[in-house]
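There are two complexes below, and they share subunit A, which is joined by subunit B in the first and by subunit C in the second.
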Partner chain A sequence: MTEQKTNSTKTKHFTRRDTLKTLGAAAGLAAGSHLMPLSGRYAQAQSSEPIRIGFQAHRTGIGASYGRWYERTTMAAAQLINDAGGINGRPIEIVTEDDGTDPKRGAEVVEKFAIQHKTDIVFGTLFSHVVIGSAPRAGELKIPYFVVSEGHHVASGKLNRYVLQPGITDVKSQVQSMAPWVGSNLGKKVTMIYPDFAFGHDHRDYFSAAIAAQGGEVIEKIAIPPTEQSFFKYFPRIPKETEVLYHVMVGPGVLTFVKELGEFFGSDRPQIFGFIDSLEAVDLANPGLEALEGTYFWEGFPRYAQNDGANPHDAFYREKVGVDANGASLSDPKDISTYAHMFGCWETLYIIKQGMEAADYKGPADRAKLIEAVESFTDFPEGPEHPQGAKIFNGQTHQVFGIQNISQVTDGKLKVVHRTSIEDSLYEPEVDYTKMAF
Partner chain B sequence: MSGIFNKALMVHLGLIVVLLALHFILPAYHHVSLARIMVLAVYALGFNLLFGYTGLLSLGHALFFAAGLYGAGLSMQFFQWTAGPGFVFGLFCAIAVATLIGMLALRTVGVSFMIVTMMFAQVGYLLILYYNEYTRGDEGFVILRELRVLGPLDLSAEDIRYLVALALLAAAILIKLALVRSPTGRILIAIRENEERTRMLGYDPFRYKLMAMVISGAFAGAAGAAYGILFGYVGASFASIQYSILPLLYVLMGGAGVVLGPLLGTIAMFYLIDIASGMTSAYLFFVGLALVFLILVAPKGLLGTVRERWAPWLP
Partner chain C sequence: MKLRNSIRQGHFDSMDFGPYLLLATLEGAVQAAVLALTALGLSLVFGVMRVVNVAHGEFFMLGAVLAWWISSLLTGTPLFGFLAALIFAPLIVGGLAAVADRLILKRLKYDPEATIVATIGLLYIIQQGALTLYGPDARPVAAPFDFRVSFPWFGYSGYKISVILTCMVMLLGVWALLTRTRIGLIMRATQYDRETAQAFGIPVARVYTGVFAFGAMLAAVAAVLIVPTQQAYYLMGLDPLLLSFIVVIIGGLGSLKGTVLAAVVIGLSDGIITIFFDPTLAKILSTILVAMILVFRPTGLFGTATR
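Here is the complex of A and B:
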């Protein structure tokens, strides 16, 4: 009762006069704070050392297994760059924020980097929906956004001049470059099994066109709903004349998919070709994955050390990112890397370095110069900075092109059987970002 | 306490003026964040009308948010409409969907209503994925910046975005305040407290619940359309179950059945996630912890507790 009484005596009735007083005080506060124009509050001072790079990381959410390795690769490259003197004599600092693999949070994180952390650029995003959700804000806040996504969204022209993908090839070029080898070596009658959403549809559309150009055809397209738990009922739809089964299943159902596929076909099966995206961060020694023996995969960078002398820079890169010859963490053999993709972070950081040096980058005022410098690049030679291989960059489309690997599962490991040329992956530009205003 | 200039109205108008004042003094990051929060708060305000005032717990509100988002986004994408027509069409879509779903789902009550609304929302989500050719499915699409204009106003500009978000929130607050203080609002509360008794008094609960559902859906749709237009992105994740749960959390945190509760809840939840995610990957743990703590010390939410203890006049 006492407490109630005390509370009631403290209760102050809010009158119109009180409200007006409060509003007056708020107005006074505003006037007294020497109102800075909005543009001034959003502007950044020329940053002093170090160069701050906002790393938009998938620490949680569906992209977490990729994000963990993207972060390790980024830190390894940043360490090397700093050990070698940084960029323009300034060390780099990686500022990491978790985007939850969510496009809404991704856009918020871009805002946080640009306005609160005052980073020079934003970098490192993988999942397409996060890139597309964040890109408008990067463009509006005029902050360079270097993505490592492999989506075709950058080169398709639907983003803006501030978004670049110079360190990893896109899905269109990957799929297109696979078709000649698949058509010549595995067969020309292809059945595709893919998830019934944007990623799967990209594969369906790009590969159908690419295999047709090789004289082959996709004889059946089997779209699997994203909520599907079991896949047996779809397999009878695979035509008997199928020579190649092309699969790009992703997500938690992939292990079930592979297991059921193996049980369905037994030893009498067509050739099977897939994208390693399905099994990144997954140990091929997992029970049920024996069915993959003898099948083929696309790999951006081969997970298993090949020891064939084809890539002299792999050993150096592998050691620096803490991965053993089997693609697992040096500290935990069960922690499998996302080796086929994560090199994109390493290579992108070195391109940012190269761009900042070419633009004599000093601070946010030079962001447009940085983008123009990167747009002027045409090729990146193979070396410690580009360990996956040489690349060609198209400044108009903001997209890089490179070699791709086709590997066969042999004794439970992936062995490279074919490397494409860069030319296999080229396609006509669909946009010219250099004509867009900053 | 009756009359136009009573205490409650002054508080709500005062809050809108304070939000306007903040436009001039907030640091840039909080300025841009508050613009986003205000749009999401409109969504939560609508949810609160159904949950807090009418007693109906929908787990499918993301469907209405997405109807507004995609109604605006797709019409702007395919017909090259600008923000004004796009927003109106998005709002229309949300109202149409809410009316249809309301007529079906309101035939159920309690847990069944929760499940039915959730299932309809899941259908909506899967339809977005299925019609990938038009929606770009999970990937989503960007609304062209040149279409994000309202007459002479560039809605992608930081200052205009804030003021438009504020105008939308102000309209939502005042509409909701007028509604809950009207005889109709009293009937909604009566339905929440005892539906059978309300029916006995001669009112048709279905009619009033459907009206609440449609208005709530319209708020969600307006927020969805505005979100797409102001931030330039339309994607299927906004139609997922997560975005049906979010307004519930905002309302629970801020106070169900209090007009301003959802706004406070949205602000609190946004900054809780923003700050906690900067410290740990387990930030959802802190969100859960905060909700448990809230239930223990303030089960009626922040403003619900304020009303209970200090301001019983708060609508």
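Here is the complex of A and C:
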């Protein structure tokens, strides 16, 4: 998988060209394109020049395990797209830059893509604080920024017309669609534990509202810094009368988090409903995690192959990304994927393809046309391009809506016990990006 | 504000006050014990060598990362892998520190300003080296034994309790080494007056290398002990470094008694304040304490004026 990385250097760039013979002069200009942006721009617009997609990856920092799998998924989808003839007859090239899961670096990386790498678009960011830090720069540089982040920041109207989230659902729709199930099956008095940054605050705000709509109540909110490594000290704040413990945690300490949660409660515990984020890239077979048996998790896409016919395209997707039926890497069963989230990269790349084809995208001059084309989309049918399931897209809010899964830990594996409908997750638009000028 | 929120939202009725305080104290004691060992290393290096080792936290991180590596090399019971890590990880870290002392600090003639800059460089080299060789993921290290101590109100890791005890034994050992052995005497003599010690035939250069290595080893031991309750991660050195500095400044640079006492105060108060109120408040309070100490008693509680 990794050998497909195209952290493009100029030498690689030349060898990949198949039209070099007609472009002798243009190639010379392209080589000098760092110095002469305009001449480079024209060279890029030539017909079979690759479409360059800047991939803003969390290779290091607290998002590293997501970053690794986002990269593998992206590369697998890019390979498939290229094998099938690319986009508008042009191959795609993924140019990866590490943002260190750092908002400041994120904005710099966007700039690097736009000005130095001259990518057509930027894609692939997960962590909400990085998205929020990078999006304004993408808007200023007028480069389309396709995020795979889950945060509500896109649909809330906080960002700008250049930012779209067409491949993964947002926290508001996720919690809204699941709150009725939680309220009627697990309990109404909820204590929430969440990371203390934008993504966690989305959970806090929208789940509180959603469970209140079910006649429930959040009785305690425990915010934990996302870089925390020891969690035990937070648990005594969980009130005794808690019926449901709702947890969502990210960062390097998630395994410690779920372990200590089990240690704290032992067998005498409330119902526990977590977001799989607390367990992404973590092996359920780790000693100490037996305590999670019987607890529930949200999953965007079920980590363990369910074989119940609900996701007919799961097997194909799994094989292409290199994931086994337990959600682990085919080459290392201890390397657990971030399966619930990473499909978003795959689906987003296919939407970029669809958008570029609809807009007859030729080069950076057509960026606005690309955004308008994606805004015009309304639904994405389930298929190899959308293996997680069918989706509805709202062009006004730049946000997609889909099915959510609730799984229970059963015999050390996650088994889906409830699937929401797309309709459960819809909410009134809060913004109309299409009315904003480019 | 936070405090009032805490009381209003009823943190205190979630568990009765007694058990709540017990848990807070246990958590604080674990932190205090590990912090005391780590900070002792920093304090010793400063006391004897007058070197402010900014890379101290990275030696801590290296200890944890090596513990993962060593215990994953050895199959068999976790106890075996852990004991091997407890012996070999500090030795490797100590060896590395000795090399750093010979290659870098010695050549700077232990100039206080230059060594600060040099150890900042060392911090980045070690951290990025770990990122390159070990990777950006946090990895678990199995605890040598695993049992849950069930208090009537909550469960607690038996291993964590053993960490407190082990650290106490280690601290006593270090104290005995410094006050009851010939090596300790040589170290104290060098700390007291480097030139006179040299005149009496003490190999000061070797003492320096040894002390720097020993300081790093203390951090590594602390890390090996605590890593089964956390995970090994390449950025984990920052917190221990900051807390060690806080402890050493409060206790007085170079004073062992002060370091241990300050570690207990900071560790316990951090655990208790985090539980009853908020982790940020704990950090704010300990930083204010440092500022107050620096204003009113710049040498720390037990420090003596620098000579």
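Annotations for the structure displayed:
Convention: the second predicted complex is superposed on the first by the 358 of 438 C-alpha atoms of A that agree within 3 Å, B and C clash if a C-alpha of one lies under 4 Å from a C-alpha of the other, contacts with A are read in each partner's own complex, and residues count from 1 in each chain.
Keep this in mind: a contact is a pair of C-beta atoms (placed from the backbone, for glycine too) under 8 Å apart; a residue touches a chain by one contact, two chains touch by 3 or more.
What you are looking at is a predicted structure, and each value in this text was computed from that prediction instead of being measured.
By the touch criterion defined above, A:H129 reaches subunit B but does not reach subunit C.
In the superposition on chain A, A:K240 makes contact with subunit C only, while subunit B stays out of contact range.
Partner contacting the larger number of subunit A residues, of subunit B and subunit C: B.
Using the contact criterion defined above for the overlaid structures, shared-chain residue A:L426 touches neither subunit B nor subunit C, since it reaches no partner. In the superposed model, A:T60 lies in contact with both subunit B and subunit C. Of the two partner chains placed by the overlay, neither subunit B nor subunit C lies in contact with A:A325. In the overlay built on the shared chain, the residue A:P225 is in contact with subunit B and with subunit C.
In the superposition on chain A, A:M75 makes contact with neither subunit B nor subunit C. Subunit A uses residues 59-60, 225, 227 to touch subunit B in one structure and subunit C in the other.
Of all the residues in subunit C, the ones that touch subunit A in their complex are 9-11, 13-15, 20, 23-24, 27, 131, 135-138, 140, 142, 146, 148, 150, 154-157, 229-231, 233, 235-236, 239, 271, 274-275, 279-280. Across the complex, subunit A meets subunit B through its residues 7, 10-11, 13-16, 19, 22-23, 26-27, 29-30, 33, 35, 38, 41-42, 59-60, 97-98, 100, 102-105, 107-108, 111-112, 115-116, 128-129, 132-133, 135-137, 139-140, 151, 153, 158-160, 196-199, 201, 225-227.
Taken in their complex, subunit B has these residues touching subunit A: 5, 7, 10-11, 13-14, 17-18, 21, 24-29, 31-33, 36, 126, 129-130, 132-133, 136-143, 145, 156, 158-159, 231-233, 235-238, 273-274, 277-278, 281, 283-284, 309-311. Within the complex, the subunit A residues that touch subunit C are 59-61, 64-65, 67-68, 220, 224-225, 227-230, 232-240, 252-253, 255-256, 260, 263-266, 281, 286-288.
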